[in-house]
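Shared between the two complexes below is chain A, which has chain B as its partner in the first and chain C in the second.
Now for the complex of A and B:
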């Protein structure tokens, strides 16, 4: 009964979203106040209905209600409670419901925080947001109903993919969806602005916090996914340029660009057309990503159960929203006029360069991702696009970005003198150069990757420090320190995020340059060398987990005769799903991880063992978390909060323009 | 009226986007995901020119025309989906079906490490470092798997990882059919 009620609230939510779309949009067109006023309660009601629906589905998973087809396919009584709950979104139907729930959440947040936005504008924003809800709710209800009942319920379920039974992955999709779906708000803001035919500084202020919120969730989601791949898949890599990874990376790149260009709109009222385009594209790439992941049009390890019917439907949704918005864009873009002018050397120019680099790199990733499709059509046969393509074509953009970032972040608006900025930035440059030379001297037999990566990474980190210091003005050290503590949080957010980018750059470059790998057969009691370490395989034992069986090896890691760590890599077998997984054992270190994977027992005796030293691996994710934390700092800034609510101050800005 | 004019530059995004939708749509219309129509089906398998990998002999064109059904599998150590299909290949090898492995655009060290770690399902294995064999076989992207019958003709092709479902619903009938014919 409860399950049917969940289905019923889902249908109700669809009806409410239909109302939320049609009534306020028509009301805004005609200027009917009460019609427009429907938008906000409708958005909140939609959130309530979908929360009920989602909670019921979660309840069905928690109590293992095997009359529901989805629970049978994705759960099992023996599964730990945490994974019963996360199993809700570990599948196509449940994750689409989560998608819709988050969409409704953002709609409701805009409704609650946007009380003071102009009436027609908020009605249009919520109307557009509602129309996305209509599309995805009908997709969910008509092609992927999560509440489907079975006539003859089985005694037990068939389990969840064992690889997904992991805390890192459990929280990777919700963050990712928060990011993907959060970008729907920027899309709605952009389309509403095009409908109104007006983009001004106030629009830039409204759209920025939502972009920031979506972007920081995407950052955390991508970092969690990459971290999960590193320790769970047992391949030792952190990024594979898989189509599904790219699907989350493209919106990240575009929203990072949008984040920066919205600042230009807000402060200088230029770059409006471009910013609107980015706002459309950011969500557009989310939609395309959803299509790629769920249609099976590209082969990927992550792919959900593929279904061509769903694929066509999703392509239709993506085509309608992106295509519609882009047509509206080409009709209206000509009416948006820039109000400011700026010199070639200025922060505006630096931010434009930032945008070009980010947008083009996103496009490169896009082309690489869909190349198998294009090439098949154009040449009838294809080449595979592997990591070598992405490494070669994507890296130069990131290097360019890292080179200009510290300078650009210090440059003043409007008109700047490079000389003055250089004076502020030269200590950072000097420190970076010294560090790079140090790295070069300790690893001179190796490639240039380590010193160049070090130079770029430390240039970014020290550059953000220089940026902060430059904000304190002149005077005595004490006065400058006092001013530093009084800087707005957004300034700290900017510096922390930029430094985070530097930390990630350092991690990626040093890991790739300095990793050590040993793959061999080890007998029990045997010791082998891994870089400076000695690894001994002491014993192998059988293990019995709650829903798996397996084997684990006791590995002793020593350095110069001193114990560094005892590691216990495992090979697990999940009988319900019939699949094996490897559990790498990792000793985390600030400067290097030791990473050991147990392979198969060999016929000739002994075990296949893979061991790595992964230098600076954790820096990659720490950097990503810093980037996201910088976003949180900026969001907590009073000035940004006010713009999210768009209270009196923004009204004043709107009046000025 | 100047307002009505649409700058050509702003027309580009929707036009480019329409092109991509077309690409995606025709990609969706491929009736059967993975089993791409191949001009080679029913034809003699292209010749193989491979370098030996490890201490197994390199497969030759004679191996392709041997009197049994056999699987030709293109793989690489850098290819993530290859790891997904690997256990299925091991099962097929255990059934006694000969599997010719073609290591595509890979380095011998990495390839051997891959096999040492996960096991080696291949009866013969050759390295195609330049990807020339992949080209002559019309390989779409790896992993890709072909079934070749006792007279050396390609009878089935699958692009993407061979999962249990793919094996059961698509490949099994070719393996069985050919087995009864032989």
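Now for the complex of A and C:
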């Protein structure tokens, strides 16, 4: 009965979203106040209904209600409670319900925080948000109903896969969805602004926190996925340029560009047209990503749901929203005029360059991702586009970004003098150059990757420090320190995020340049060299786990005769699921991870062993977390909190117009 | 979402080249491993033979080493694979035919975007009216007060 109630609230949510779309939009068009006023309660009601629906599905998983088909397929009584809960979104139907729930959450948040937005504007934003709800709720209900019952419930479920029971994996999808779906808000803001035919500084201020929120969740989600791949997949890779990874990376790049261009709109009322376009594209890429992942149109290691019917439906949704918004854009964009003048050397120009690099790199990833499809349909060629293409085509954009970032972030608005900025930036430049030379001198002859990566990474890190220092103005050290403590949190957020980008750059470059790999057969008691370390395989023992059997090796890692770590890589076999897994043993270090994997027993005696040194691996994800944390700092800025309510900005708009 | 069936294809396929497949000559083996990275396992989903433990990938790795051992160059090895399976085995797309568009996409789009933004930056825009002397004085006044406040 409860399950049917969940199904029922889902249907109600669809009806509410239909009302939320039609009534306020028509009301805003006609200027009917009460019609527009429906938008906010409808958005909140939709959140309540979907929360009920989602909670009921979660309850069905928690109590293992095996009359529900989805629970049978994706749960098992023996699963730990945490993974029963995360199992709710570990499948297509449940994850789509979570998607809709988050969509409703963002709608309700806009309704609550946007109390002070102009009436017609908020009505339009929520109307557009509601229309996205209509699309996805009907997709859910008509093609992927999570509440389907079984006539003859089995005694136990079939979903007890060991690999899915991992914290890194359990929380990776919700963060990603928060990011993907969060971009629906900026999309709604953009379409509403086009309908209004007006974009001003206040618009930039309203849209930026939502972009920031979406972007920082995407950052965390992508980082979690990458980190999981690193420690779980057993060979220490962290990025594969797989179509599904690209599907999450494209919106990330575009939303990063949007984040920066919205600043220009807010501060200088320039780049309005472009920013609106970016807001449409950011969510557009989210939709395309959803289509890529769930239609199975591109073969990917992450096969999710190869269902043509769902694919066609999702393509329809993506086509409707992207196409519709772009048509509206082409009609209305001409009416948006830039106001602010600025010189060639200025913060504005630097941010335009930032946008060029980010947006073009996103398109290059996009073209590479869909090229196999184009080649097959248009030229009848079956081909692959793999990491070599992306490495060659994408990396230059990131290098360019790293080179200009510290200068651009210090340049003043409107009209800048390069000389004055150079004075502020040269200590950072000097430090970066010195570090790069140091790395060059210790790094033997292997490659230029390490010194160049060090130069760029430290240039970014010291550059963001220089940016903070430059904000303290002139005067005595004490006065400047006092001003530093009084800087708005957004300034710290900016510096932390930029430094995080530097940390990630350092991590990627040094890992790729300096990693050491040894693949060999090791006998018990044998010692082998791994870089500067000596690894000894002391013993191999049988393990009987709760639901698996396997073998584990005691590996002793020494350096110059001193014990560094005892590692215990495992090889497991899960009889219920019938899957073997490798559990890499990793000693995490600030400067290098030691990563050991146990392979098969060899017929000729001994064991296959794979050992790596992964220098600066953690820096990759620490940098990503710093980027996200910078976003949190910016969001907590007083100015953002105030403008989320937008009381002041509406007055400012009135004054300007 | 991506993780749902991921383990089926990747997690178990994490073990790349096995010690018993490897060539004794380290230089040749390094060449072989570099080739493994750019040859796609056609029986897998967008994976190179370096990272797949499918039987097909293992056979492909052995074939790579056999060819190299017989004195083949990298291009020879790739040609053998392309002749047998088509260009789908190449993780690095060729630069032939329409693929030129793929490879030129990045530089072309970048130049185009730079040109458009350069035109935009250089385009004339309404310039804000300069401040009148009274406004100027008022602004200076405000700034001085702010500085004093700041230093206090």
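What we mean here is this: the second predicted complex is superposed on the first by the 647 of 657 C-alpha atoms of A that agree within 3 Å, B and C clash if a C-alpha of one lies under 4 Å from a C-alpha of the other, contacts with A are read in each partner's own complex, and residues count from 1 in each chain.
Please note the rule applied: a contact is a pair of C-beta atoms (placed from the backbone, for glycine too) under 8 Å apart; a residue touches a chain by one contact, two chains touch by 3 or more.
Just so you know, these numbers come straight off a predicted model, no measurement behind them.
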item: Overlay on chain A: chain C relative to chain B, clash or fit; value: clash
item: Contacts of A:291 with chain B and chain C, given as first, second, both or neither; value: first
item: Which of chain B and chain C A:173 touches, first, second, both or neither; value: second
item: When both partners are placed on the shared chain, which of chain B and chain C touches more of chain A; value: C
item: Contacts of A:580 with chain B and chain C, given as first, second, both or neither; value: both
item: Which of chain B and chain C A:242 touches, first, second, both or neither; value: both
item: Which superposed partner A:335 touches (first chain B, second chain C, both, neither); value: first
item: First, second, both or neither for A:610, with chain B first and chain C second; value: both
item: Chain B versus chain C as contact partner of A:396, first or second or both or neither; value: second
item: Partner chain in contact with A:423 - chain B first, chain C second, else both or neither; value: neither
item: First, second, both or neither for A:386, with chain B first and chain C second; value: both
item: Clash-bearing segment of chain B, relative to chain C, as chosen among 4-12, 76-84, 148-156 or 166-174; value: 76-84
item: Footprint overlap on chain A, where chain B in one structure and chain C in the other make contact; value: 235, 242, 299-301, 381-387, 519-521, 579-580, 597, 599-600, 608, 610
item: Touching residues on chain A, where the partner in the complex is chain C; value: 90-92, 95, 161, 163-164, 169, 172-173, 176-177, 225, 228-229, 232-235, 237, 242-245, 248, 270, 293-294, 299-304, 338-342, 344, 348-349, 352-353, 355-357, 359-361, 363-364, 367-368, 371, 375, 378-379, 381-389, 393-394, 396-397, 473, 475, 479, 482-483, 519-521, 579-582, 597, 599-600, 602, 608-610
item: Chain B-touching residues of chain A, taken from the complex the two chains share; value: 235, 240, 242, 273, 277, 280-281, 284, 288, 291, 295-297, 299-301, 306, 308, 311-312, 315, 318-319, 322-323, 326-327, 329-331, 333-335, 370, 372-374, 376-377, 381-387, 517, 519-521, 578-580, 597, 599-600, 608, 610
item: Complex interface listing, chain B residues touching chain A; value: 3, 5-7, 10-11, 13-14, 17-18, 20-21, 23-28, 33-34, 36, 76, 78-81, 83-84, 87, 104-105, 113, 116-119, 131, 135, 138-142, 159-161, 164
item: List of chain C residues in touch with chain A within their complex; value: 1-12, 14-20, 22, 37-38, 40, 44-48, 51, 86-94, 97-99, 102-103, 105-106, 109-110, 113-114, 117, 120-122, 125-128, 150-151
